[in-house]
Structures are given as structure tokens and as C-alpha cells.
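Chain IDs A, B and C follow the sequence of writing; residue 1 opens each chain.
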Amino acid sequence: MRFLELVKVSKNFGGLQAVKEVDLAINPGEIFGLIGPNGSGKTTLFNLISGALKVTSGSIQFKEEELSRLKPHEICRRGIARTFQIARPFADVTVYRNVMIGALNQASTVSEAAHITEEALSVTNLDKKTDVRGKNLTIPERRRLELARSLATQPKLLMLDEPMAGLTPTEVDEVSELLQQIRRKGVTIFIIEHILQAVMTLSDRIAVLNHGEKIAEGSPQEIGTNPRVVEAYLGEEYVVADS
Amino acid sequence: MTVFIQGLTTGILMGCVYAFFAIGFTLVLGVMKVVNFAHGTFVVMGMYLAIFIFTTYLWDPFLSLLIVIPSMFAFGLVVYHLIIRPIREQPLSAHVIATIGLLVIVENIITLMFGSQYRTVTVSYTTSALVVGGIRMGIARMLAAGTSLCVVALSYLLLHRTDFGRAVRACADDIEGAWGLGVDVNRTFMVAFGLGSVLAGFSGAAVMPFAVASPSSGLDIVIKAFVIVIIGGMGSVGGALVGGLIIGMVEGIVSALWSPAIAIAALFMILIIMLMISPEGFFAGEA
Amino acid sequence: MLSESPLKKTIFSLFVLALLAVPFFIRSDYLLTVLIGALYGAYICVCWNLAAGYAGLFSLGHQAFLGLGAYASTILFVKYKITPWIGMFVGGMIAAIFAAFITFVCYRCRLKGMFFAVATLAFGFLVQALFMTWDYVEASTGIWLLLQNKPQDYFFMARTPYYWIISSLLIISLLVTYFLERSRLGYRMVAIREDEDVAESLGVDSSRCKIWVMTLSAFLTALGGTFYAQFYLYISPENILSIDPLITMQVGTLVGGSGTLFGPVIGWAFFSFLGEFLRGLPLGATAVGVISRIIWGLSLLLVILFLPTGMVGLGRKLVRRRAREEGKEGSL
């Protein structure tokens, strides 16, 4: 069965075409990177898949079920979770409760959710911070909370929107390692990232968007040497984490 | 048929009045994105100021504007500084609570000073009317409607032809941008709120020659203002006029043909329909 | 996390004990009436808190549910001789249906935040306006009930039975709140309050949750409406459908601490004391009412400007500061 498949997906905002006939297929168990200059439509694509935005045309199928008619919570129920570019913790709520809300996605009782929550918290190293309120977390902690919360929903596909932005090189490595760990547990990862070195090392395959269109797709090697990709990034300040 | 036309005529006149009630509200909402639930009570303040000045000096309410306008402006500045400025950037629930608190305070101070019974002002032309073809048009009502139209026109000119108006619109669109252009955002908002309060008080005084005032009318007025803003769009002066006319006419016709109670239900229906079609209002973006 | 509950359970048990003990120490009718009034106020605050405090559903028309409950049971009794003990549940159901309807309409039309508040405000206003002119419910005259000794019809000559009823209602509402806090719905409604879009992306069906919460809150509120009718024996659109009960709900909940278990009770207790204090002063009955309301309005303002988390929030801050100071001393 196909996993995630986008066929000719387009999104118009009035006159502006944010996403233009994008075809994409993601295989189960892989780490798939999505890169492209700012404004190329990456987050919009995520929003279309997660149901936050309605597709103008085209089809999005997850395990051969059409997603474009479903509401965001229904999509999450089917196993797709996402994080946001700017971390959005529930501010007045403790870390524990934040993650519980994610855990309740699949858990049928509160105690079951509690188990899932504790696991997600230990995987992301937040188990010492359970009583801190969302608004009192540092940026790296907020990112980890986003991750923990999404993991708690027990996703089959985890979509991460720039999870490494604003992190130090060491933190970037930690997150990479964590993502590999998550993948080993059987979660497919779809990641938008600007820190090219990280996304190149991490991903099995990468797609490149520019002005809403997919201009390239392939292995990190192929992408790294693709002239169209280099051209799209010319004039763009490229963030490469120091090694 | 005559009943219908009478209802329509009164409705149009009242529609202008309702627009007058709503201009200040839509201005404040559009410019600084603050929902002022106490706006209707500001209108009532204008009413009672007019009543007080009339009972003490026997001044016509329009004459009392000499006192009402500066008083309401000063009041608006104080309220802005103490209440609106701190809550401006807070979430909506803060606006709601704070302005409801303000509503309750003002309404009850008025009750304390004037009692809760209905009050009226009777001037020489309170009961006079112009009768054309069997249709009665109250002079006092026409005066209020006429004043409203002038104020609407002046407000439009103020917003679109003066530097202050441009500053206001700049702040409404993009505060950061406005700062960049050298606009003193805080002062602009303060003056805008003062103006909104003046418009409220002005409208209250202007209707006293024919209206009946009570301290609790404020809520009724602000709800109508909401409906008008939803029809006409936040911050749009022209939209306020259109919205006012629509609800005035609906109220007038339905009241005449059926009853005032059904009219209220009809207005509620309009609100629901408007919210369903377009919560932002048809004229959104004009301010 | 859930480590708060032993404290809450203790406070709750003490509270229940205090409530149980009161009638044995207080015999004065006047004092009992005051207490009953205070408990009633606290009750409607707790009901409103469920929707507004926990789920962020700022219902500005909640008094309509109060009135629907009161009128339903009263009309059923006065016109159809159905005992208010049953009538109150009918009232509750009617309120619940209206609540579900409004919440659903708001969801369909994507009315959130401010627009939801305005829609509920208009709803409350509409219900009052309609009842003012509807002859079937005696319009603006209102309906009087007769003081009589008929326990089977929810009428008592003495105050004490009413005290027990309202205490039970309050305890039930607090229990509902407590268990809701810990339930799946409870976690989800807090998420909706904080950030609805993110909640949805985590699998929360926000419209369903909102409908459940509003319905529950409306049902309980309506039960309070019936109590009001049976105790105060007079209902009219001016008293039970006016903005007054709504202000009570807001003031008690917000000053006490919205979204907390005991906040509304503490908040309203404060205002009850204040009200009694004012009544002791030589001001005259109407002036007391007006001045009370001015103080309520002022409290709303002050709470928003200076203490948004209410008294409970203040208490927690102080406890945390104490804990931090003691922690520092310990590490020396």
C-alpha cells in the first residue's frame, strides 16, 4: 500500500499560487527532507497535508485514503502529526499536560495516556521539567515539547517544520540523533529544514520546492549537485551548522 | 400600505441615528482592535449629560453639546490611559471583561445620580412633526438623523483627508509600519479613543429631544452597534451608515407591520445571517 | 501534575464538612438566607467557570440558561401541575439543547473568540427581549410562586431544606468540575482554550468538546434557575434574564480565579461578604445594590489590569515564592 502520496496538489490564495501541482510520494520508514528558499511553499504544503488549509486542487492520500476532505483532528487520528515552525506550546499549561493532550489522541483512558506521556517525555529529555508551564520554557525546550507532544499522538508519519531553527550545533546533533531514534521505532519522518548540512545527512531522500513548484527530488547527493537547486538558493543566505 | 411607508420612513430616520451610535464604536474597533462593550453606556452618558444640563440650565440638548463634547473627550482620554492602553495588546477576553466592568461602573454611577426610571427631555419641537402625504416625520428625529449624516460625512473627511486621519488609518493597518513612518501610535490611539467617546456622547445628546433614556440602555445600543459593524465592516464609516440604515429599516418595517418584539427577533436573525455569511463585514478594509 | 489532588481533596472535604456543620450552629433565618444567597451565587459561578474558565468559551448569554431553567419548571408547575423536581430536569434539557445548538451554529459559521462572545451576548439579550413580550410567560410582569409547605413540589416553609439543596448543588458542581479536570474532555478543553488550531492538529475534535462543555454547563446552570424560582418565589425577565446574574458569574469566577476548582467559590464568597458589609451601612436598599454593582465593575477592571489569575493565582504565586525562598535557604 502506498504511504503518503500527493498528486498535483495546488493551493491558491486569491491571486497568489502558493503551491503548484506538486507530486510527491513518501515511503514508510524513510526520512524525507523538504527544502527550498523562504516562501517556496513548504509550510503551506504541510498545512495542506495536516488539514489546516484546504487544497485548491489535487489529491493527498495517506494509506490510500483521501485526506483533502478531512478535518485536522481526523487527520491526526489517522496517524499524521506535525510540529510548527514557531513552537506553540500551550502557554498556561504544564509540560506534562501539554503532552497528555497529544497522548489522548490514541489512548482511550487517562492512565493509558499517562504512560504514553511519560515515555514521550523521557525520549525528549523533558522528564525533569514536567511541572513547568509552557510559557516558561526556553526555545530549545519548547522545540522538544513540540516533538514530545507530537510523538505522544503515536503518529505513523511525523511532519516537522524546521525543528532545528535557532539551535546550537550541539543541539542540532542531539535532535538529529533523536530523529534517527524515532525512525528506528517505525515512524516515518517528513522534515522541512533550512540547516542544509543536517537535513542532507539525516534524509534518505529530499525534495526541493521553489515558488511553490517541485524543482528537484532525489538522494541528498543528487540534490547537492543539482544546478537548479543551487540556482534557487543563490542570493539566499544558507545556514550550515558548524561541525 | 401607508403603514409600511410610515414604518420605512421612521426606520430610515432611526437608521441614521443607529449609525450615529455606531460610528464611534466602529472607529475604535477598526483602529485599535479593541471591543468596547461600554460604548453604548458612553452614549447613555451623553444622554444624561444633556438631561442634566437641560434640567439645570434649560439648554437645548444641541446647545449642551458645548459641554458634552469636551467632557466626553476628556473622559475618553482618561479611560484610554487607565484602561484601554493596558489591555490593548491582551487577548480578547481581557477586552470583554474590562469593558464590561466599565459598563457596569458607568451604568450604576448614572443610576446612583439619576435613579433608574426613564427620563426624557421635552423641548419646543419634541412633539412637532412634518406630515407629508399622511406620513409623519418627527422634527426631533429628523434633526438627529440630519446631524448624524453630517457627522458621518465629517468623519469620513477626517479619516481620508486629514493628516490625523491618515495617521489613524496607518495605525489601523500596521502599527510597526506606522511607528516607522514617525507616527506617535500611542497618542493617535488616545485621540482616536477620545473621538470615539465624543461621537458616542454626541449621539446620546442629539437624540434626547425625542428619546427616552434609562441607565441600562447601554447594552441594547452596543448590541445594535455590533450588528452594524458586522454588516458594515470594522472601521468603516460608510459601512456604519449602511448598516445603520439596514437595521433601522428592518426594525421600522417589522415593528409597523407586526410588533416591536418581532422586530427584535428579526434583528437577531440578521445578526446570525451576517455572521454566517461574513463575520468581517462586507465593507471590511475600507477604513 | 496530578500531585495537586491530595490538597484539593483535603480542602474539598473540609469545605463539605463546614457546609454540613453550618445548620447546626446557625439557626437565624436571616443568616441562613444570606448563606443560601451566597451559595447560589457561588453555584452559578462554578457552572459558568466550566465553560468560560476551563474551555475559554466566553458565554455572555449564560443568564439565558438560568432563565430557561427557572421558567421551564415554573410554567410546568403553574400551568400543568408538574412538580418542579421533574420540571428542573426538563429545564436543564431545554437549556442543554439551546446550548448545543448555539455552540454548533457558532462552529459551523466559524465564530470563535470575539464573535462567539457576541453571538452569546445577542442570544442572551434576545431571550430576555422575547420573554419581556411573551404573554404565555406573563411577559414583563413575571410569575409569582406561593410560599407553601409542599416538599413534593419543591416548596418548604423553613430555610434549612433550601440550604441543603443549594449546598448539594454546589457540591455536585464542584465534583463535576473536579472530575472533568482529570478527564479526557477536561484536558482537551484546556487545549482548546489555549490554542484551538494546535489542539486540532493533535487530534482534538474541538467542536465536539465545545458542545459537550457548553451543554454540561448550561444544564447545571438551569438547575440553579429552578432553585432560584423555588427559593425567591418570583421570576421575571428583569431579574433572572438580565445581565445581573451574568455579572455575578463573571465577577465571582474571574476575581476568584477562572479555570480553577475553588476560584469561583472563593471569589463569590468575597463578594458576598462585601455585600453583607454594605448592607450593614446606613445607605438604603437601592443604594446598596447600585454600590455593590459599582464595586463589581471596579473589581472586574482591577482584576484584569492587576491580577488576571485571580485570588487563586495570587495564592499559588505566594506559595511558590515561599517554596523558592525556602529552597534557597536549604541549599546554603
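Everything below uses one rule, namely that a contact is a pair of C-beta atoms (placed from the backbone, for glycine too) under 8 Å apart; a residue touches a chain by one contact, two chains touch by 3 or more.
Note that the structure is a prediction, hence the values are computed from the model and not measured.
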Fill in the blank from the handout: Relative to chain B, largest Cα-centroid distance belongs to chain A
Exercise for the section: Kindly indicate the chain pair that has more C-beta pairs in contact than all others. Expected result: B-C
Handout entry: Distance between chain centroids, defined by C-alpha means - chain A, chain B (Å)
Key = 49
Practice task
Measure off the straight-line distance from the CA centroid of chain A to the CA centroid of chain C, and report it in whole Å.
Solution key: 42
Exercise for the section: Could you grab the centroid distance between chain B and chain C? Build each centroid from C-alpha atoms only and quote it in angstrom. Expected result: 32
Practice task
Mind pulling the residue numbers of chain B that touch at least two other chains?
Solution key: none
Fill in the blank from the handout: Note: in the complex, chain B contacts chain C through residues 35, 83, 86-87, 90, 92-94, 96-98, 100-109, 111-112, 219-220, 223, 226-227, 259-261, 264-265, 268, 271-272, 275-276, 279
Fill in the blank from the handout: chain C residues touching chain B in their complex are 56, 58, 60, 105, 108-111, 113-115, 117-119, 121-123, 125-126, 129-130, 132-134, 243, 247, 250, 254, 287, 290-291, 293-294, 296-301, 303-305, 308
Exercise for the section: Mind listing the chain C positions that touch chain A in their complex? Expected result: 1, 182-184, 187-188, 190-191, 194-195, 197-206
Practice task
Using the touch definition up top, name the residues of chain A that touch chain C in the complex.
Solution key: 50-52, 71-74, 76-77, 81-82, 84, 88, 90-94, 96-97, 100-102, 104-106, 109-110, 113, 130-131, 134, 149-150, 153
